[in-house]
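Same chain, two partners: subunit A is paired with subunit B first, then with subunit C.
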Partner chain A sequence: MNFTSYEFILLTGLILVVYYCVPKRFQWMFLLAASYGMYASAGWMCLVYISITTFSTYLAAVKISKLSGQKADYLKEHRNGMDKEARKAYKDSIKRKQKVWLWIALAVDIGLFVVLKYSNFFIGNINALCSGLEQWKIIPYTEFLVPLGISFYTFQSMGYLLDVYNEKENAQKNYAKLALFVGFFPQLSQGPISRYEDLSRSLYCGHEWNAETVCFGLQRILWGYFKKLVIADRISIGLKTILAAPEQYQGIYFGVAMIFYAVQLYADFTGGIDIAVGIAQAMGITLKENFMRPFFSKSIKEYWNRWHISMGSWFKDYLFYPLSVSKTMLRISKKSRKLLGEEAGKRVPVYLTTSIVWFCTGIWHGASWNFVVWGLANCAVLLVSRELTPVYRWCHQHFSLEKKKWYPVFCVCRTVVLMSALRMFDCYRDVRIPVRLFFGMFTENNFSELWNGGLLRLGLSMADYIILLCGAVLMLSVSLVQRKQPVRKTVSELPYPVRTALWLLLFTAVLLLGAYGQGYEESQFIYNQF
Partner chain B sequence: MEELMEILSELHPEVDFEQEERLVDGEILDSFDIITIISEIADTFDVVVPAREIVPENFNSAGSLWKMIQRLEDGE
Partner chain C sequence: MKKKGVRLVLTMLVAVLVLWFLQRLLMPKYMSGIPEGAMIAEYYDSEKIHDVIFLGDCEVYEAFSPCYLGERYGISSYVRGSAQQLIWQSYYLLEDTLRYETPEAVVFNIMSLMHGEPQNEAYNRMTLDGMRWSASKWKAVQASMLEEESVWEYVFPLLRYHTRWQELGAEDVKYLFSRDKVTWEGYLLRVETKPVTVIPEPIELPDYTFSGYAMEYLEKLRVLCEKKGIELIFVKAPSLYPHWYEEWEQQVDAYAAEHGIAYYNFLELAEEAGIDYRTDTYDGGLHMNLSGAEKLSDYLGKKLVEVHGIPVRTGEETYQNVWEPKVKLYHEEIEKKKSGVPEYE
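This part shows the complex of A and B:
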C-alpha cells in the first residue's frame, strides 16, 4: 500500500487510535496483525514470501544461538580439563554447524529475493546473448509478483541473522516478535533497514499515550507528505517530460534534469523516510535516521555516509568487512603484493572488495545494467578521489585552501554536481544516453532556453516553479536549522499561536498544493521500486 | 606493539597513535584504512581478524587494536 494512498492514510490513523486503546502488553501483537493486514492488501503471495524469509531466518537464528549456548556451557564445564588445542577444535566444530544453518537461511533469503526480483533481468540477458544462436527459443519472462519492500526486509532479516551468528545478538525466540521486526509496516516499503539492536529496544515494549511524542510524530509525517506531494510529485512532471524525449531535450535541458532529479529524489526519499519515522514515533517506536543532510557533504565519501545511512552501513558491515577479511581476499592480498609489489599489491583487495560492494549496491537499486553502471561509477569516483588524497593534501598545504571561505562552498557544490550527474544513470535504461547528453551540455549552446520560455514548456507553470522554489528554500532552511536541534523542537519552543499557525500552514500547503485533483494518480515513491 | 605502531604510522603519518583514542569515532580511520590494517595484521602477526571483531571499540586506539591482536593470538 502506497504511503500516499487514501487507504493508507486512513488505515494508519485507525491503527494509531486502536494502538493506544489496546492494553500495553498486546500492543506489539496488534502491530503485527496490522502490519500483516496492510501487507496482505498488496496480495496474499506477498505475505507468503515474507513469511518464508521470516521463518528461515527465525529457525536458523534459534539454532545458531542454541549452539552458541551449548558451546559456552561445554567450555565452562570443561574449563580445566581442556587444553588450548582441544578448546579450539571444539569451537571450530560448533562454528561449522552454525555455518551450515547460516548458509541454509541465507540461501533461502537470497534465493527468494533473487528469483523474485532478478529472474526477468537474467532471462532478458540470456535471451539477448543467445538471440544470435540458431534454433534459440526465447525464454518467456516470469510473472512473479515482486513483494513491496523485498529488498529492505530481506536485508534486514539477513543483518539480524548475521548479528546472531557473530554473537552480537541473542536470537529472538518468539516467532511472532521476529515477524514484527521483519514486517513492521512503516519501514516495509522503503526502509530504513533497521538493526535488531536498535529497533527491538522500543518495538516490543508497551507505550503510554504521550501527547508530545505523538504530536512530534504527526508533525514529521506532515513534513514528509509536504516533501513528497508538494515538491517531489510536482517536479516529477517536468522531469518526466525531459526524460521521455532525450532527442528533443538536450544541452542545458540535461543540466535541468540533473537538478530536477536531485531535488525529486531527495524530497521523495527523505519524505518517505519522514513518514515512516513519524508513524513509528507517533507509536513511541524509534526508527534510526536514514539521512544527515547529505547535500551538505564536502566529498562523495562523506555523502555516502550521510545518504541512505542504513543501506550504506549494511553493505559496509555485512558485505565489505566480511569480504575483506575472508581467507580468499587475504590470499589475493598476499599474491598481489608478491606480483605487483607492496604499494600496488595492497590496493588490489581493497579495489576488488569495493567494486564488488558497489556492484551489489547498484543492482540492489534495480534489476538493470544502468544501476550497475551507476554503482560502479560511484566506486570509481571514490577510488580515484582516494588515490588523489596526496594531491589534495599538497593543494591544501600550498594554497591554504582550508582557510579560504569559499572552499567549503566549492566542495559542497562539487559533491552536489557530481552526485546529480551520476544519478542520471538511474533515469535512462540505456547508459549511453546520459553519457552523450552529459557531454552535450558543453557542446550544445542552448542556454537561452532557460529564459526564453523553454522551462514553461515542460508541463510546469510559473506558479509551479514558484512553489518548487519556495519548497526547496524551505527544505534548505530546515536542514540548516536542524544542525543545532530538531526543527520540531525549535518550533515547539515558539508561542502556542505561532507554532499552531505554522503547522496549520504546512497542513494547508499539503492539501492545496499537493499533487491532488482530477486525474490525480498517486505516484509511487522512487525507493518503493528498489 | 612496535610493529603495530609502524603499520599505523605508515597509513597516517600525521596522527599521534600513542595518544589518539577516537580513531574510528573521530573518523580518522575509514573503512579502507581498516581493511588495510587487517591485511597488515594478518601478514605481520599471522592473525586473522574475523568480521565480528570489526567494531569501533577494537579500532579506536592502538591500545585496543593491540589487545584484540593478543586476544586473537590466544585463540579467544
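This part shows the complex of A and C:
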C-alpha cells in the first residue's frame, strides 16, 4: 500500500488508535497482524515470499545460536581437559556446521530475491547476447510479482542472520517476533534497513500513550508528506517531461533535470523515511535516522556517509569488511604486491572490494545496467578522489584553501553538482543518453530557455515554481535549524497558539498544495521501486 | 489536565472550521458556465409536494418543464436530472427522493441504458456532489466511481478540489454560503434556437444488447417503484443524436410490455407532439429548447392526467401557494432570456 494512498493514511490512523487500546503485552502481536494485513493488500504472494525469507532466517539463526550455545557449554565443561589445538578443532567443527546453516539461509534469501527481482534482467541479457546465434529461441520473460520492499526486508534479514552468526546477537526464539522485525510495516516499503540490535529495543516492549511522543511522530509524518506531495510529486511533473524527450530537451535542460532530480529524490526519499520514522515514533518505536543533511557534504565520501545511511552501513559491515578480510582477497593482495610492488599492489584488493560493493549497490537499486553504471561511476569518483589526495594536500598547503571562507561552500556545491550528474544514470536506461546530454550542456547554447518561458512549457506553471522554490527554501531552512536541535523541539518551545498555527499551516499546505488526487498520478516513492 | 483537554477541543474545532471553510471556498459553485453541476442540490430547496418525478440525463431536464405542466395541467412535478446521469445514479436519486416524498409517477428517460459502466469523473461529480449524504449517496458513489476515483474524495470533496485555488474567482466568494437558482424545478431553461442541419451517421456497434449492469438497475428501479406504489413510465426524448438504435428500442419495448410499463418514444411521437426540428432545439438536434420542451410537456401532461390519473392540483390551496409564484417568475425569466437572445442566422 502506497504511503500516499488515502487507505494507507486511514488504516495507519486506525492502527495507531487500536495500538494504544491494546494491552501493552499484546501490542507487538497487534503490530505484526497489522503489518501483515497491510502487506497482504499488495497481494497474497507477497506474504508468502516474506514468510519464506523470515522462516529461513529464523530457522538458521536459531540453529546457529544453538550451536554457539553448545560450543560455549562444551568448552566450559571441558575447560581443563582440552589443549589449545583440541579447542580450536572443536570450534572449527562447530563453525563449519554454523556456516552450513548460514549459507542455506543466505541461499534461500538471496535466491528468492534474485529470482524475483533479477530474472528478467538475466533473461534480457541472455537473449541479447545469444540473439545472433542460429536456432536461438528467445527465452520468455517471467511474470513474477516483485514483492514490495523485497530489497529492504531481504537485506534486513540477512543483516540479522550475519549478526547472529558473528555472535553479535542472540537469535530471536519467537518466530512471530522475528516476523515483526522483518515485516514491520512503516519500514517495509523503503527502509530504513534496521539492525536487529537497534529496532528490537523498542519494537517488542509495550508502550504507553505519551502525548508528546505521539505528537512528534505525527508532526514528522506531516513533514514527510509535505516533502513528498508538495515538492517531490510536483517537481516530478517537470522532470518527467524532460526525461521523456531527450532529443527535444537538451543543453541547459539537462542541467535543469539534474537539479529537478536532485530535489525530487531528496524530497521523495527523505519524505518517505520521515513518514516511516514518524509512524514508528508515534507508536513509541525508534527507527534509526537514514539521512544527515547529505547536501551539506563536502566530498562524495562524506555524502555517502550521510545519504541512505542504513544501506551504506549495511554494505560496509556485511560486504565490504568481510570481503576485505576474506581469504581470497588476502591471497589477491599477496600476489598483487609481489607482481606490482608494495605501493601499487596493496591498492588492488581495495579497488576490487570497493568495485564489488559499488556494483552490488548499483544493482540493488535496479535490475538494469544503468544502475550498475551509476554504482561503478560512484566507485570511480571515490577511487579517483582517493588517488588525488596528495594533490589536494599540496593545494591546501600552497593555497591555504581551508582558511578561505568560500572553500567549504565550493566543496558543498562541487559535491551537489557531481552527485546530481552521476544520479542522472538512474533516469535513462540507455547510459549513452545521460553522457551525451551531459556534454551537450556545454556545447548547446540554449541558456535563454531559462528565462524565455521554456521552463513554463514543462507542465509546471509559475505558481508551481513559486511553491517549489518556497518548499525547497523551507527544506533547506529546516536542515540548517536541525543542526542544533530537531525543529519539532524548537517549535514545541513556542507558545501554544503559535505552534498550533504553524502545524495547522503546514497541514493546510499539504492539503491544498499537495500533488495528489484527480489529475495527478498516485506516484510510488522512488525507493519503493528499489 | 482539564485545561489541556479544553485547549485540544478548541484546536480541533478551529481546524475543522478552517477545513470546512476551505472546502466551501474551493468546491465549484456552477453558478455560471456549467449550471448542470448545481442542479441536483436544488431539489432540497423545493417544497416536496411532487406527484411526478422525472429522472434521467440532459435529454430529460431540457425536454420537460414542470412549470409548464403545473400551469397548464395542474401537475406538481420535478426533474431530478443531471448531465450524463447514469441509470444507477437515477436509481439512487429516486431512493434519495423517496426519503422526502413519494410521487404518484416516475418518468424515466431510457437513454442512459446505453451506458453499462461509469463514464466520466466530471459528470459523476456534477451528479453526486449535490446529493445530500445518505446511504443512497454512498451507494451511488460506489456504483459510479471510475477506477482512478476514490470514495474519500466524495466524503471530503476538499481532497478532490484542493487544486482549485489556482482558479478561484469572484463567483467562489459570492456563492460561498448561498446559491442562485439555476433551474425551474429541475428544468434547465434554454430559449436559443439552432435548427437541425446535419445528423451524424450512426456508428455501428459490436453489440446492441444493453449491459447487464444497466438492466440490473432498470429492474431495481421498477421493483422500487412497484414496492412504493409508484407508476413507472418510460420516455425517450426526441434527441436526434446520439443515435437511438432499433435494437435498443426493441429491448425497451419488450421490457415495458413484459412489465406493463407505459413507454413514450418521442422520436416516433415527435410529429404528433408537434416537434419542429427547425425551431425546437437549441443545439441542432441534441436537446430541446423552451419551445420543444413546452410541446413535449403539453403532450405528456395530457397523457399523465388522462391516461395515468395524475391528480390535477389546480385550485388546491397548498398547490396554488407554491406554484403560482414559481410560474410567475418562470414567465418573467422567459421574457428576460428571450429579450437577450440574438436571432439565429
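Quick notes
What we mean here is this: the second predicted complex is superposed on the first by the 529 of 530 C-alpha atoms of A that agree within 3 Å, B and C clash if a C-alpha of one lies under 4 Å from a C-alpha of the other, contacts with A are read in each partner's own complex, and residues count from 1 in each chain.
One rule holds in what follows: contacts are C-beta pairs under 8 Å (C-beta built on N, C-alpha and C of every residue); 3 or more make two chains touch, one makes a residue touch a chain.
As the structure is a prediction and not an experimental result, all values here were calculated from the model.
Of the two partner chains, subunit C is the only one touched by A:Thr500; subunit B is not. Once chain A of one complex is fitted onto chain A of the other, the partner contacts of A:Tyr196 are absent, as it touches neither subunit B nor subunit C. In the superposed model, A:Phe113 makes contact with neither subunit B nor subunit C.
Shared-chain residue A:Phe425: touches no atom of subunit B or subunit C. Between subunit B and subunit C, B touches the greater number of residues of subunit A. With both structures placed on the common chain, the touch criterion links A:Ser333 to subunit B but leaves subunit C unconnected. Contact with neither subunit B nor subunit C is seen for A:Trp307 once the two complexes are overlaid on the shared chain. Those residues of subunit C that touch subunit A in the complex are listed here as 7, 11, 14-15, 18-19, 22, 26, 121, 148-150, 152-153, 158-160, 162-163, 165-166.
On the subunit A side of its complex with subunit C, the touching residues are 6, 10, 461, 463, 496, 500, 504, 507-508, 511-514, 516-519. Those residues of subunit B that touch subunit A in the complex are listed here as 30-32, 34-36, 38-39, 42-43, 48-52, 54, 74-75.
Of all residues in subunit A, only 84, 87-88, 166-168, 301, 316-317, 320-322, 324-325, 327, 330, 333-334, 346, 349-350, 353-354, 386 touch subunit B in the complex they form.
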